[in-house]
Amino acid sequence: MSEKKIKNIFVTGSIAPEFIAKSISNHSPKTSIGGHSIFLGQVRKDEVDGKLVSAVEYTAFEELALTKMHEIREAIFSKYPLSCLHVHHSLGDIKAGEICLFVFTSSKHRKPAIEACNELVERIKAELPIWGKEIFTDETHQWKENS
Amino acid sequence: MSEKKIKNIFVTGSIAPEFIAKSISNHSPKTSIGGHSIFLGQVRKDEVDGKLVSAVEYTAFEELALTKMHEIREAIFSKYPLSCLHVHHSLGDIKAGEICLFVFTSSKHRKPAIEACNELVERIKAELPIWGKEIFTDETHQWKENS
Amino acid sequence: MQIELISFGKISDFISNQILEIEGIETTDDLKKHLEKNFPGLADIKYKLALNKNLVQQNSEIKNRDSIAIMPPFSGG
Amino acid sequence: MQIELISFGKISDFISNQILEIEGIETTDDLKKHLEKNFPGLADIKYKLALNKNLVQQNSEIKNRDSIAIMPPFSGG
């Protein structure tokens, strides 16, 4: 399952539900798959000191992020018997209510897909050099901090 | 979050990726949501004694299943701070490669959505009176057993 | 008395839905013995009963015109 | 010698990408001290360096024309 080529995970703008649907239907010919696990990150309209977040602007140190993601991907494929693993992360302005992260794992039985998906989300948030800048409706900003 | 009305979870035939996309995009106005967790069950083309599964035919004791699902839904809503919880299960013939189960949870922070989704999948498989009949390409069958 | 018998999953392969005429049977435990005698295939299968659409969790009284479902282990999802 | 400095996240609010002329600095630990003196905002922030697109995990030698990225805690996803 090791994939030598470094895959791009970044997309400009939000991740469309239609893209997710296409990604799911691409797996229909893979009839050894019994379970898919998906995590989606959605931008929240948080309130901070009376101001509302209208969008999050994502930037990344792309080359470092892709190298790190490649490492994570290899580690996850070694740890779990997965059929597939896909990660997409947005760059640029993502409005509140839009999808900014799409993690998708598939396996014969459900447990590896579910556990791999959870571990991927944790590692992506902790280890990839990506930053979110919360833009308020009054055009001020604050840098997001992951909890 | 308690919903008094008993919701139907059953759909005839497979769950289309476009339906999943629509379900995701319905959550875009809910801007307090930060994470969605999705589990999809897909019918496998298993080989049993040299014969290939071409489809699984699902039947259910629908009224009992919906009452039980209502109970599970209430329990999950009490246990986790969820924004949304949706479950769809197929009835009838679902071909190998098609989606037969769609579990979808959403919450402000990722953990409740992920944990609730996992627990829902386990409880649905263990507690809902639903049966899958594996139909082989030669039209013989065997009843599925959950692992 | 008469009860309605409905069966699911692999049990439906050898017990069809039917109206069953039974005498001297007052509880779900009695009924289980009766069914296992009359449908030998049932003895080797783990199954649960539902009485009038409620899962039978403990021995329960059966009345005329009750509906009894016989359910093998679930395999949804 | 000259190094290329690139900054990310909240650090980019007060340190812009630039070519930095440095003397007497041989390692990433030296550079950290230099940066924290010249950009006081940096002292209160947890940050990591990347040297030529590799995360700096231990003190490393810096050479002329190296590229150094200054990265605050990540907040993707």
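We call the chains A, B, C and D, going by the order they appear; numbering starts again at 1 in every chain.
Just so we're on the same page, a contact is a pair of C-beta atoms (placed from the backbone, for glycine too) under 8 Å apart; a residue touches a chain by one contact, two chains touch by 3 or more.
Because the structure is predicted, anything quoted here is derived from the model rather than measured.
*Asks:* What chains do chain B and chain D have as common neighbours?
*Replies:* Touches both chain B and chain D: A.
*Asks:* Please name the chain that ends up farthest from chain A once chain centres are defined by their CA atoms averaged.
*Replies:* Most remote chain from chain A, centroid-wise, comes out as C.
*Asks:* Nearest whole angstrom, what separates the Cα centre of chain A from the Cα centre of chain C?
*Replies:* Distance between chain centres: 49 Å.
*Asks:* Centroid of chain B to centroid of chain C, CA atoms only: how many Å?
*Replies:* That gives a centre separation of 27 Å.
*Asks:* List the centre-to-centre spacing of chain A and chain B in whole Å, with centres computed as mean CA coordinates.
*Replies:* 23
*Asks:* Where does chain B touch two or more other chains at once, residue-wise?
*Replies:* 41, 121
*Asks:* What chain-chain pairs meet the touch criterion?
*Replies:* The complete list of chain pairs in contact reads A-B, A-D, B-C.
*Asks:* Can you list the residues on chain C that touch chain B in the complex?
*Replies:* For this pair, the touching residues of chain C are 6, 8-10, 13, 50, 53-55, 69, 71-77.
*Asks:* Report the residues of chain A in contact with chain D in the complex, numbered from low to high.
*Replies:* 41, 58-61, 63-64, 67-68, 89, 100-101, 121, 124-133, 143-146
*Asks:* Which positions of chain A touch chain B when the two form their complex?
*Replies:* Residues of chain A touching chain B: 17-18, 20-22, 24-25, 27-45, 96-99, 106, 108-110, 114, 118, 121, 147.
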